[in-house]
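We call the chains A, B, C and D, going by the order they appear; numbering starts again at 1 in every chain.
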Amino acid sequence: MSGSDEEIYAVADFCLIPMGTGEPSVGPYIAECHRVLEKSGLTFKVRGYGTNLEGPWDAVCAAIGDCHLAVHKQGAPRIATDIRIGTRTDKVLAPGTGNESKLRRVQEILAADKKE
Amino acid sequence: MSGSDEEIYAVADFCLIPMGTGEPSVGPYIAECHRVLEKSGLTFKVRGYGTNLEGPWDAVCAAIGDCHLAVHKQGAPRIATDIRIGTRTDKVLAPGTGNESKLRRVQEILAADKKE
Amino acid sequence: MSGSDEEIYAVADFCLIPMGTGEPSVGPYIAECHRVLEKSGLTFKVRGYGTNLEGPWDAVCAAIGDCHLAVHKQGAPRIATDIRIGTRTDKVLAPGTGNESKLRRVQEILAADKKE
Amino acid sequence: MSGSDEEIYAVADFCLIPMGTGEPSVGPYIAECHRVLEKSGLTFKVRGYGTNLEGPWDAVCAAIGDCHLAVHKQGAPRIATDIRIGTRTDKVLAPGTGNESKLRRVQEILAADKKE
């Protein structure tokens, strides 16, 4: 972030949409994003409608920007991305566990339903 | 939809945020949404940062609205939800396969990388 | 909503992205959405990166669905929309004032900054 | 962006949601974001359901991250933000005109409707 020594851990999920490509399929572009994210070293997971990604705020944003550059190079003249990004100061997340731990908490609550 | 006989199949992913709850945890609210969605009969999957949901447009929107009603009943005075929702006319999706098939296509492309 | 007599007022903002259109411009599609929303009778406002829309939950969702149908008819084979939608039980909004009142509140706080 | 000399111009709109604050109002937090964005030097506009923001990719992301830091300092233990962010290579935008020019294009098309 600008002019700050503080760094904050971000848990994100983004959905990148190539525009003006002449065909409705996005698989090849999302696959290219997968390759870019592998190089980033961040924890990520491609899903059905978006990609989970987490790490330091600046690194997460830079990785998504690198996906834009790569998808433009593949020929998409325009890209619209939706990013959900969260931060918290009430607990420290072990790096790479943010998205998983949110899901696990919900599963624990639902498992308790069945025991009752 | 209003004044229309047309029905369109929607593949969605939504992230519901309870506000003004006095505590940062959302697990119990998301678990409640899970219970609501089970009753809807729609195909859905709770994930780390959002819930996949698909079905006829009106049914998908109604199910998310029912989640809002349920979470208000749990005590959240305000809710903000982000919904990604997609439709297509270029191919017919077998009901319940939209999110899975998008993911499978990306995995196939990446698997081909490794064979080369 | 399904199986419920309750109706809830929703304040929303949506951004519709036509895909596979062969050209990066979206102006004609967004203009078509404007025509659809005018027929809906709901309060709305097209902005730079999204359209404000508010009204009963079902009517808001139906209007956005009608935009999808209209944009498919214009030739877009696939559409991805991002919807932000909020509801609250802590206060009653005069119909059509939700987005405006949120903005006014922020402006009042900032105006007080200048008086200090 | 990481390991790249390329810089890309981004047109964005973000909606920041403070969580666990004990009250449903967000006005004071959004006003604080306004103060942060003024310091950023970027072109921005607070609206009803989100804030338009544009500039170089890294600067846009850094400014939103600075909003998170400031809102955490105000006492919000958790924040969830939805960011819509777009880039294009088919035309060069004069800095600060991206969101406005998208809106103007739609207005021109609609104005032509009335002339017919």
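By definition in this document, contacts are C-beta pairs under 8 Å (C-beta built on N, C-alpha and C of every residue); 3 or more make two chains touch, one makes a residue touch a chain.
Each chain and its UniProt protein: A, B, C, D = MTH1187/YkoF-like protein.
In this text, all values refer to a predicted model and were calculated from it rather than measured experimentally.
Trainee: Between chain pairs B-C and B-D, which one is joined by a greater number of C-beta pairs in contact?
Mentor: B-C
Trainee: Just give me the whole-number Å value for how far the CA centre of chain C (MTH1187/YkoF-like protein) lies from that of chain D (MTH1187/YkoF-like protein).
Mentor: Spacing between the chain centres: roughly 17 Å.
Trainee: So the centre of each chain is just the mean of its C-alpha atoms; given that, what is the distance between chain B (MTH1187/YkoF-like protein) and chain C (MTH1187/YkoF-like protein) in Å?
Mentor: Each chain reduced to its C-alpha mean, chain B (MTH1187/YkoF-like protein) and chain C (MTH1187/YkoF-like protein) end up 18 Å apart.
Trainee: Give, as an integer number of Å, the spacing between the C-alpha centres of chain D (MTH1187/YkoF-like protein) and chain B (MTH1187/YkoF-like protein).
Mentor: Whole-Å distance between the two chain centres: 25.
Trainee: Multi-chain contacts only, two chains or more: what residues does chain B (MTH1187/YkoF-like protein) have there?
Mentor: Within chain B (MTH1187/YkoF-like protein), residues 15, 20, 24-26, 77-78, 80, 82, 84, 86, 88, 90 contact more than one other chain.
Trainee: Touch graph of the chains shown: is it line, ring, star, complete or other?
Mentor: Topology of the interface graph: complete, with all chain pairs in contact.
Trainee: Tell me, which parts of chain B (MTH1187/YkoF-like protein) touch chain A (MTH1187/YkoF-like protein) in their complex?
Mentor: These residues of chain B (MTH1187/YkoF-like protein) touch chain A (MTH1187/YkoF-like protein): 11-13, 15, 24-28, 30-31, 34-35, 45-50, 52, 82, 84, 86, 88, 90, 98-100, 102-103, 105-110, 113.
Trainee: Mind listing the chain D (MTH1187/YkoF-like protein) positions that touch chain B (MTH1187/YkoF-like protein) in their complex?
Mentor: Residue list for chain D (MTH1187/YkoF-like protein) touching chain B (MTH1187/YkoF-like protein): 15, 17-26, 77-78, 80, 82.
Trainee: Touching residues of chain A (MTH1187/YkoF-like protein) toward chain D (MTH1187/YkoF-like protein) in the complex: what are they?
Mentor: 1-2, 4, 6, 8, 10, 20, 40, 57-59, 61-66, 68-69, 72, 77-90
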